[in-house]
Each structure stands twice: as structure tokens, then as C-alpha cells.
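Naming follows writing order (A, B, C and D), and every chain is counted from residue 1.
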Amino acid sequence: MIDKALGSVAEAPVPPPPPLNPPAGGGGGGRGAPPPPPATVMIGGFGEAGSPIELIHALIDQGATGLTVVNNNTGSGEVGLAALIKAGRVAKMICSYPRSMNSTVFPELYKAGKIELELVPQGTLAERIRAGGAGIPGFYTATSVGTPLAEGKESRSFDGREYVLERGLTADFALIKSERADRYGNLTFNKTARNFAPAMAMAARTTIVQTKHFVDAGELDPEVVVTPGIFVDRVVTVANPAHESALVAAGVSYPS
Amino acid sequence: MSAPPESTRVGWSREEMAQRAALDIPDGSYVNLGIGMPELIARFVPKGRELIYHTENGLLGMGPSPAEGMGDPELINAGKRQVTVVPGASFFQHPDSFAMIRGGHIDLCVLGALQVAQSGDLANWSTGEPGAIPAVGGAMDLVAGVKSIFVLTQHVTKHGDPKLVEACSYPLTGVGVVNRIYTDLAVVEVTPHGFQLVELAPGVSYEYVAERTGADLLPIAEGATK
Amino acid sequence: MIDKALGSVAEAPVPPPPPLNPPAGGGGGGRGAPPPPPATVMIGGFGEAGSPIELIHALIDQGATGLTVVNNNTGSGEVGLAALIKAGRVAKMICSYPRSMNSTVFPELYKAGKIELELVPQGTLAERIRAGGAGIPGFYTATSVGTPLAEGKESRSFDGREYVLERGLTADFALIKSERADRYGNLTFNKTARNFAPAMAMAARTTIVQTKHFVDAGELDPEVVVTPGIFVDRVVTVANPAHESALVAAGVSYPS
Amino acid sequence: MSAPPESTRVGWSREEMAQRAALDIPDGSYVNLGIGMPELIARFVPKGRELIYHTENGLLGMGPSPAEGMGDPELINAGKRQVTVVPGASFFQHPDSFAMIRGGHIDLCVLGALQVAQSGDLANWSTGEPGAIPAVGGAMDLVAGVKSIFVLTQHVTKHGDPKLVEACSYPLTGVGVVNRIYTDLAVVEVTPHGFQLVELAPGVSYEYVAERTGADLLPIAEGATK
């Protein structure tokens, strides 16, 4: 029987923590197998809508580092994505808008040269993720033509208009938040929390979902499933997820 | 940035600018209003017109802000503020939302600007200062895909520098994308011949606007209708 | 007030009929303005599921000719799409599978050299339509690489695998069938009748929908709308649509 | 094309071929079964395994045919036959369905074949005859995108010609895409060294199969497990 449910967020198969005895930096290879390359993690949400805070905190607890994170923003306050960045686990952000209200963690690290940024127009970011999930390695778009964000990109014209080539984007893991889920991983979402989640679920090798409601197979009408279970690997129920804005307003830091 | 007292103000207030722009939006339009001043436009749509508001984070049929305490933190607009939905609304994922934009399905987008060039080039996302955190969001997608682009902006910066210029000095958002500009002083159309004055704010002269415009400003033709 | 509802299928703004006095063929221009170029029409449906039969019959009645039609198949029997083809209105089919049970009209015309065929793999066809609607003029896919259908297509490799360049596909009109619709043109579909309809609605300049149920604005939950109204121009209610298989079994031809 | 009487038949029946292939499909797999003989596989899935069936026209969680008169003409499979849904099913549009295929999300696809080359090339959509109506459907998408491709086919054509060949003479569906072949005579793996015999049907000898194979057939290695 297919059952993608997990007992708790701590069981989520997020990227492995760094090895206990990492090879010495610089002059070639330590003992044993080399550590796996740092993972790319897509994290759902636009601002706090759809942000899988509990899964992000589980990722902090678990210890993976050197991550490339794909998210529209860079979090706010010192919880969720901002906490992951503050903990020094993120080597690179791929995002469209790293500057938000109450966003101080990323700007400080960025100005200090301690974190890399790949800035991508929001629609191009969404489409690159969708393309990655759909097996499309590249597509053309007019977005960014003639701007600094087109620098270094291949361009060509179709029917007299100029377009740039953009690459599909995939990831090792996606962490997303759903409203309802069943044991197959079929998902529905809450209002504008849907945003990047369906595309990220498609684009990641392993997709982990925190859901507010876990329902029996057959309870979700096949007509209204937004993300079919084929794109989902693990589901954990978080019945009362925290809201980022409430945590930030309360001055919460993670880990406290 | 607060407006000077009514008695000394020259030209339109922020609300009047929004109202003037709203006048030019046809009934039935699908509209994306940028964060900030453009959002004011929704308050001034003439009676009898129905506009449908798109917010690029995934909602068509956006309504006004909810009553205090009645919102859902997961029902927000592109400015991350809580909103409501109108009957006939729909939610969708980001790739679909930007397919609406990129595919030319949105009729009109109203944006703010740092600079607009006489060719219609827009700069509105970065002053290019070293050390600044670059952030683009959906602006480049909107200007590349939406059928008409209105700019709603003060005519000059708070330092008095013109925002309507011969060529943008700031990094571009898009090339040749702006159709019309609504400022506190005037309505200006971007034409193949450059900036074309369409209308002056009450009590404002052509010369006053032209002086504060960083490129040629074609006067309203004799006998032209607004 | 926005109201996309039409009173009857006959009002659907399908392509104009040919001019009464067409310019003589061959040696340059007749009188007056040249006729508009023949339209491209996307027609929803996979087999009979989602086939907008009543709209197709209205198109036959209305008289447009020289059409390029995009559909997965070529119809069956002598109703719906097959009737449109039989009436000589279709100059070219863009489809993936022009051979089906009870499909005789297209094969005969094709063998006689009287209709053109652009054969496109089914998933490439779907993605080309989606790309057209999403403002993407071209994308790369591994589908068809090394086969006769890749001939004449640009190809290139990404990360060591070969892909072909496929172009976005748009149309003047889309004719599709929905289950529910409101005055804004928001749509839901019935089961596997959904197939090409949402993408075609995006890719056509004018999208005309026949719906089984027309509902009040607000009756469709915003979470379950499949095609947002922005992609729809006209909606006509056909409460009891015919089923192609039933008409074919009864030996019906259109027009009778 | 009907099977010869039981007494004279050599090798596996169509049902036995489907049953043999079904044995090799792991629990929890997302599977697309081609039209025709591959559809039989769903009947022979070993107890205790749950497979999820994808049909490319837009359904995941496809169930068996409906009872007579209980179907919906708009609930069909890729072969345009009426089907049902199982609990946990979902409907989706074509671009999403082929994103599952092209994006490598489907674990296994079982297809018929005209020819399979020792390199794994598949020809299954056209005999290339002049005047024939070419029709490809989703076959090229499936072989390009699905993780594993099984072929289920008679070992030779009804004229006795081998279908497992050195190089396909018919137009290709995909290059180097087939992983395993289940015929009435044998199970054959496509390896970097060519066709590798994995299992013989009861009462069939290596020589009998090799004779009917149009390319080298590597015998089962001594001591190899099936």
C-alpha cells in the first residue's frame, strides 16, 4: 500500500548533515568517501503565504549546510527561511525579491559578502521551476531583454521580437505547505498560499509536504486536486502551523 | 515624502493622480496595479465600470483589504498585504499567473517609476547603487507582457530631478514598454516622436512641466481633444 | 458589468465566412480589400471527451473556410470535427493522431492530397499550445529526437542530452467545452474532458466556450476554477450536448 | 491474430506475457500502460502491490472499465475506452499530464512494438508505407520521458519476421529507450552489450529464441539468477 505519511517533521528526509570529520580544506581529499555535494532546496511560499515554517525549522535542526535555496524572498524576522539563513546554512539564494519588510538577515549577510544571490525575475523564476519539473531544459522569454538581468544570457529573435534563453531549474528537495493531503500525496492549497508549491513539487527529486489536514484517500475530489500525488514523496501533518508574521511580531527567533 | 499643505501644492494630489489614471481604464479590463500609489486607483474607478484585479502572486478578482482582524495571512497581494476576493475570483499557481502576464492576457498594468525615457524605457527596480540589495520581483515580467503599461509617479524626484528623461541612467526594467505617464503635473503619452503632453493638471502651465521634464515635451496640438 | 454570455451558438464570433465575390485566383488582386487570411482554430477534446460538437456545427453553418485546425485527432463519423473536414473547410490539420476508430473522412482527403497534415507528438502539441498561451515562443524537448519528426527542427544539447526546439502555437479562435461557467468565463470541466481546453483557452485570441451549466458569479469556488475567466471571451450554454459516439452509432451526418 | 489452439502453442499466451511483465513492476510504481496488450497487465499485478495508473489524456488513478452502461463518455483512457477512477485519483489537463511524462515522473511505461533494436531503439508508430496515415499520439513523449520502458510484444511478426533486430528499418519512436522486452518466447534485457536473455518461456530453448531474433542474443550466464 502506498502511504507517504510521516509521523513527525523530524522524520522528513531532508539533506544529510555535514560529515562529522570533514576533509581538511585546501590540499586534496580527507579520509573515506567525499561528502555529498550540498543540496539545492526549493522552499514554497510568497512572503508568509505558503511558507512551510515547521519543515524549515526541522531542516535547521537536522543540520544540513552549504545549501542553495530557491524561494521568491529571503524570509523575515528570525524564523523560517530567515532563521535558516541566519544559521549560516545557505550558501546561495535564488530569488526575485530578497528585500522585504522585516527582512534584515539576508541583507546583512549579502552586504558582508557572505551569501551569494542569483536574482531572477519572478515570472521567469516560476517558469524555470515549472520547466524543470516538466522536463524542459530551456525556453525563451521576452522578460529581462535589454536589462542587466539579461547579461550573459543567450538571446535570439522569433518573429521579429527579441527573447532570452532561460534554463529549467530542478532541486534535490522541495519543502512545501498544503491545506489538505491524502496518503498518495494529492494536495490542495489555501488561497494565495498555492503560489510556487505545485511547480516546486514537480521540480524536486524529493518533495516533502507539511499539511494542515490529512484526509482519507478518496476524500479529495479528483476534479479539485491541485498537485497530483505523483509529485509528492512525504507528507507530515502540522495541524496548527505558525504564521511567520505572528512569530515576527512576537519577536521569536528560531532556534530560541 | 508627505504631500505639502494643500495651499502650497502645485498640481494633482496622489489621490487625484490615481483618479485621473482610473478615468482612462476601460470597462471590463483585467488590471494589475503595482504596489504603492498605483493601488489607490481601485478607489477611483468610475461608477458603472467593472475592472478585474490581478495580483501576480496568484489571484484574479482581488477585492479590497479585509476588515480589521477578518483577514487570512495566506490571502495576500503582491505587496504581501491582506486582501479579499470578489465573487468570480480564482486562485492559481505562480506559473499560471505569469502565463497571464507573459502571454499578453492582462490588459493594463500601472507601475511606479524611478525614470521613464522618451523611448518608453522604464527604470523602476534599482538605483544601481553599489552595495544595494537588488530586488526585481515581477516588474520585468509585467512590462514585457502586459498589453498597456501606465506609469503613475511624481513628475520629479524629491531632490527635484526629472523622472521623465531622454535616456534612463538607472538599470532598466524594460525597453520601450511605457505607454502613458500620469504625474502630479500632467498626463504624458509616450509616442514614436517622444513625450507628448496630453493634459495639464489644473493651474499648471506647459512651460512649468516642460522645465521639469528631462527631454523634449511635445505640447498639446491646437484643437486636439484630450 | 462583465457578461460574456451569448444567447445561442449561432452568435459565437467564429471566423468570418469567405467574401461573396472572392478575388479571382492567379493574376493579382480582385476588387476592394483582400479577404482576411484564413483563421487558425483550436478545437478542444481528446476523442469525444471535451469535443464542443455544437460549436463545431455552428462553425460549419457559419461558412468559414481554408481553416487550419488544431486538435489531437481528426474526428469520427460525419459529425463534429469530421463533419467540418468533410465540408471542405479545413485546409490543414495540426494533430498527433489523425487515425481513430470510425475515422474515415480525414484519411480519404489526406490520401487524395486534399488536406495538409502537421503531425506533432501529443505532449509536444500540448506544450506548444501552453507555451503559445504563456508568451513563450520556443522551448526545448527531448521528445522526437532521432526520429523523422525531428527532421528540419533545430536541435542542441543541454548537459549532454540532445533536445529539439519547438515553437509556441497560438490561434485566432479556440472552441472548447466546459462543465460549469459563470459570466466572467471562469470554467470547470468534466473528468477527462479537460484535456486540451485550458491550454487552448490561453493560446487563442478569442476563446468561445459551450458550457453544460451556466452558474451565478461566486458559485464557483475560487479554489476549484480550472480556467480563469481572463482566458475566455464568450460563453454559450448547451445544456444537453450531443455525444459524438452516440451520433456516430446512430449514423448521423451534419448537416443532415 | 488469434492464438493457435493450446496444444500447438509454443511459449507464453498473451495473458502469461502480461503476467510475467507484471511480476517485474515494484509496489508503488506510477505506470502508463500502452493501448492493447499492455493494458492486460493491470489484471495480473501480484497481491499486496499497489500500482497507480496514469493515462496521458489526463488521469492518474485510473481504474478498470465501468460496468455496462455505467460509464461516462468523458471519462476515457488514451485508447478512448471508458474507464473508472480509484480513490485518490486526480484529473488534469494535457500539458500537466505530459509534464509528468516528459519530466521523468512516471516510473514505467509498457508499450507494444513493431521493432526493437539491440541498442534499445524502438519503432512502434509507423511502418513508413507510402500513403499510410502517420499517427504518433503520445508514444514519442512516453519513450523520451518515462524512467523505464518495457516492451510487450510477440517475438516475431505474423509473417515470422523477427521484431528484435540489429537496427530498426521502420521510422523510430525513440533512440536507445527500451529497457526490457517481454515476448511470447522470452524476457530480454537491452544492455550496453546488446540483447541479453533473462528468462525463457517454459519449453522454449535458447536456440529456438535466438533463431527468431534478428540480432545477437546473449545467453543467460552460468549461475545467473533470473
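Just so we're on the same page, a residue touches a chain if its C-beta (ideal position, glycine included) is under 8 Å from a C-beta of that chain, and two chains touch if they have at least 3 such contacts.
All values reported here derive from a predicted model rather than from experimental measurement.
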| item | value |
| --- | --- |
| Partner chains shared by chain A and chain C (touch criterion as defined above) | B, D |
| Selected pair, greater C-beta contact count between A-D and C-D | C-D |
| Relative to chain B, chain with the most remote C-alpha centre | D |
| Whole-Å separation of chain centres (CA-atom averages), chain C against chain D | 31 |
| Where chain B and chain C are represented by their mean Cα positions, the distance between them in whole Å | 37 |
| Centre distance in Å when chain B and chain D are each reduced to the mean of their C-alpha atoms | 57 |
| Chain A, residues touching no fewer than two other chains | 127, 130, 134-136, 141-142, 189, 191, 222-223 |
| Shared-contact residues (touching 2 or more other chains) in chain D | 59, 85, 91-92, 95, 98-99, 101-102, 145 |
| All chain pairs that touch each other | A-B, A-C, A-D, B-C, C-D |
| Contact footprint of chain C on chain A as seen in their complex | 127, 131, 134-142, 158-159, 161, 163, 167, 188-189, 191, 222-224 |
| Chain D partner contacts - residues on chain A that touch it in the complex | 1-2, 130, 132-136, 182-184, 186, 202, 216-218, 220, 222-223, 225, 228-231 |
| Complex contact set, residues of chain D against chain A | 27-28, 30, 50, 52, 54, 59-61, 85, 87-92, 95-96, 98-106, 145 |
| Complex contact set, residues of chain A against chain B | 46-50, 96-101, 106-107, 110-111, 117, 119-124, 126-127, 129-130, 141-149, 189-199, 226, 243-246 |
| Touching residues (chain side chain B, partner chain A) in the complex | 55-59, 72-77, 80, 85, 91-95, 97-99, 101-102, 121, 126, 131, 133-141, 144-145, 171-175 |
